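Have a look at this one before I ask anything.
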Amino acid sequence: MFGKCIGNVRINAPLVHNITNYVTVNDVANILLACGSSPIMADEPEDAEEITAICKGLNINIGTLNKRTIEGMFRAGRRSEELRHVLLLDPVGAGASALRTNTAVRLMEELSFDAIRGNISEIKTLAYGSGTTKGVDADVEDAVTEENLDSGVRFAKEFAKKAGCIAAVTGAIDLVSDGESCYIIRNGRQEMGKITGTGCQLSGMMTAFLAANPKEKLKAAAAAVCAMGLAGEIAWDRMQEGDGNAAYRNRIIDAVYHMDADILEEGAKYEVR
Amino acid sequence: MFGKCIGNVRINAPLVHNITNYVTVNDVANILLACGSSPIMADEPEDAEEITAICKGLNINIGTLNKRTIEGMFRAGRRSEELRHVLLLDPVGAGASALRTNTAVRLMEELSFDAIRGNISEIKTLAYGSGTTKGVDADVEDAVTEENLDSGVRFAKEFAKKAGCIAAVTGAIDLVSDGESCYIIRNGRQEMGKITGTGCQLSGMMTAFLAANPKEKLKAAAAAVCAMGLAGEIAWDRMQEGDGNAAYRNRIIDAVYHMDADILEEGAKYEVR
Amino acid sequence: MFGKCIGNVRINAPLVHNITNYVTVNDVANILLACGSSPIMADEPEDAEEITAICKGLNINIGTLNKRTIEGMFRAGRRSEELRHVLLLDPVGAGASALRTNTAVRLMEELSFDAIRGNISEIKTLAYGSGTTKGVDADVEDAVTEENLDSGVRFAKEFAKKAGCIAAVTGAIDLVSDGESCYIIRNGRQEMGKITGTGCQLSGMMTAFLAANPKEKLKAAAAAVCAMGLAGEIAWDRMQEGDGNAAYRNRIIDAVYHMDADILEEGAKYEVR
């Protein structure tokens, strides 16, 4: 099932517009190419509005935002919405500053996203208006664990329902819900947290998966989460003595590059509630 | 012949100023270091104008452009021209948006470039005023192939003549012309298209090659194209099982790092028409 | 002694705010994660001011500065100072342009830094008001060598005393002084100069070391310099045939990832004068 989702990315090769932070942008571009999509980046408002029109999806990531790029997010976002393109929000650091929280909240209010992907602290900030985000990482106390899984699933469903879109809450255990059902995903490794931008990369890739699978968006979003986590597992198996987080970053992108329908189908670890 | 061109880069170690996009900037810097040049980046108008004065060449790449950096491109460009430094334009995404097309056209009108390097769709946009660019990649229908090579060569020559500078149209087959003769280059691998920024990297490196070989600019530009393509071939031979586009990116830069006059001389695949 | 410094980074995991250039920012983020710290980047003035409040240290790097980010540096810097956080300046390219020199000088005048880290040409520019910086690299004539070591040590001490903070002058031989004593460090390899951003990475890591070792700042700064140089040595030993500066960049970050107290303790090469 998920195999078909990545297959469609490779067949349709959707062009994805990314307004994203300058920290991890190169990795976002390379992972989009790795999964069969094409990336384009543009953040100047008038350019962003026009560039998004030739794409199939828009990934808005608020890390290293500024007033100019925020305007770019809104203008490109509105255009993307008019054209019924896929629209995804990655609220990096929501809860860590007023500008980030307010920008994310305003984006949610003014645009109709297909999906919002963030860590649990960021999503809690969007749900409750204030958060306990530790910088750009989730607060340990917020973490979704096997012990509090039921309440995590409930939260993801309620947030998705309220937001009117797919909610992808990623961490040690990932939750992807459309408000009705919730995928609980157990792919991935904790060492992925030692690489900057695995979340940003997933957001880019999820946008591509949604754009290539417009009729099965919940599955597509869950498939992207599984693909990223599975790439983390495959990449870890290829680590050599002395390899650290820089090698791991490269190996994860490489694992996505080689991931086909069968690999994803067999490696995906999830249940639906 | 091309061997001497890369040898001169290593001997002269030209300082190259890059006003370039934030997606691929790190790779541009590392490939410039790999080939024996030194990179410096500055895009704030007053800073760019002053920084360019201490360099030997300026590489203007319009990816992720904004109003502030566009002003930086013009101010640094004029200064660079006054000082008779090497000046190169990479019209990333010309044809994909009005801002990009117009900026590239205005830059060409107001500045005297030594070289313009882009994919066929970008260059056609500059030649005919409108293009069919698919984002930042060339349109498949535009591609230079063995079948349409004659008309491709004619186009490259005419564009170079009209633009008054070297035209480097890169793709599966690369064309480098000064309006009189045209190098047809068959180095490279198609998998390079799966890495973000190989074109940007080539533009940076071409600026260094031009700056280090001021009396043989056409050869220098063609040598840079061969060097990049050859690095792609050498790097591919070093790929290990499981390696993908992230490893390939690193291996290409590493191949440039080890490329000397003999390697380039022996590996360059070109003819002149 | 230095072992405890890196141990404290891993135990305390300080959140470090970086206002840094877009060329090397991804490597700065990954090396901070590698050493046990967490990075966050924010440069929009109001965001930077607020983000810095949740961090333990602020690393101000003036590469690719612009008017907006300069305001961000001052506002975040003042806030960081009020909160008595660690504050570090990396004057990238001071001496290469008036904007860079003046910004670095003004930052020094208006803020109380804990440490300033730069190459010898940048630091001489700050000491004497004008410099001979060759772009972002040190001028060869300025280099600290075994022959001029005494005057180099004297210079580092005097600069540190005048600046009222730790001075880290890095190059083939590194000098780290608080005005009273001076660490002379002989870790590292010259090939590190062929990678973009090893200096930027060190500045990020030094901020983390200072934040995690508030009572032993001189030792912490010297330990960070040793750790970076030692990582360059360990990484070099892991280089394989055909590896170049791209592989080396990754391997250095990986060496930091695996560096523990014992490795640093045994590998550090320094004397104190």
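Before moving on, here are some points about what is shown:
Chains: A, B and C, in written order; residue numbering restarts at 1 for each.
The working rule: a contact is a pair of C-beta atoms (placed from the backbone, for glycine too) under 8 Å apart; a residue touches a chain by one contact, two chains touch by 3 or more.
Model, not experiment: these values are computed from the prediction.
Shared contacts of chain A and chain B, meaning chains that touch the two of them, come down to C. Shared residue numbers account for under half of those found at the interface formed by chain B and chain C, and the copies are therefore classed as meeting with different residues.
Centres computed as Cα averages put chain B at a distance of 33 Å from chain C.
For chain B, residues touching at least two other chains, in rising order: 22, 26, 249-250.
Listed in rising order, the residues of chain C touching chain B in the complex are 21-24, 26-27, 63-67, 93, 96-100, 134-137, 194-197, 242-247, 249-250. By the touch criterion stated above, chain A contacts chain B in their complex at residues 15, 22, 25-26, 29-30, 33-34, 38-44, 46-47, 50-51, 54-55, 68, 234, 238, 249-258.
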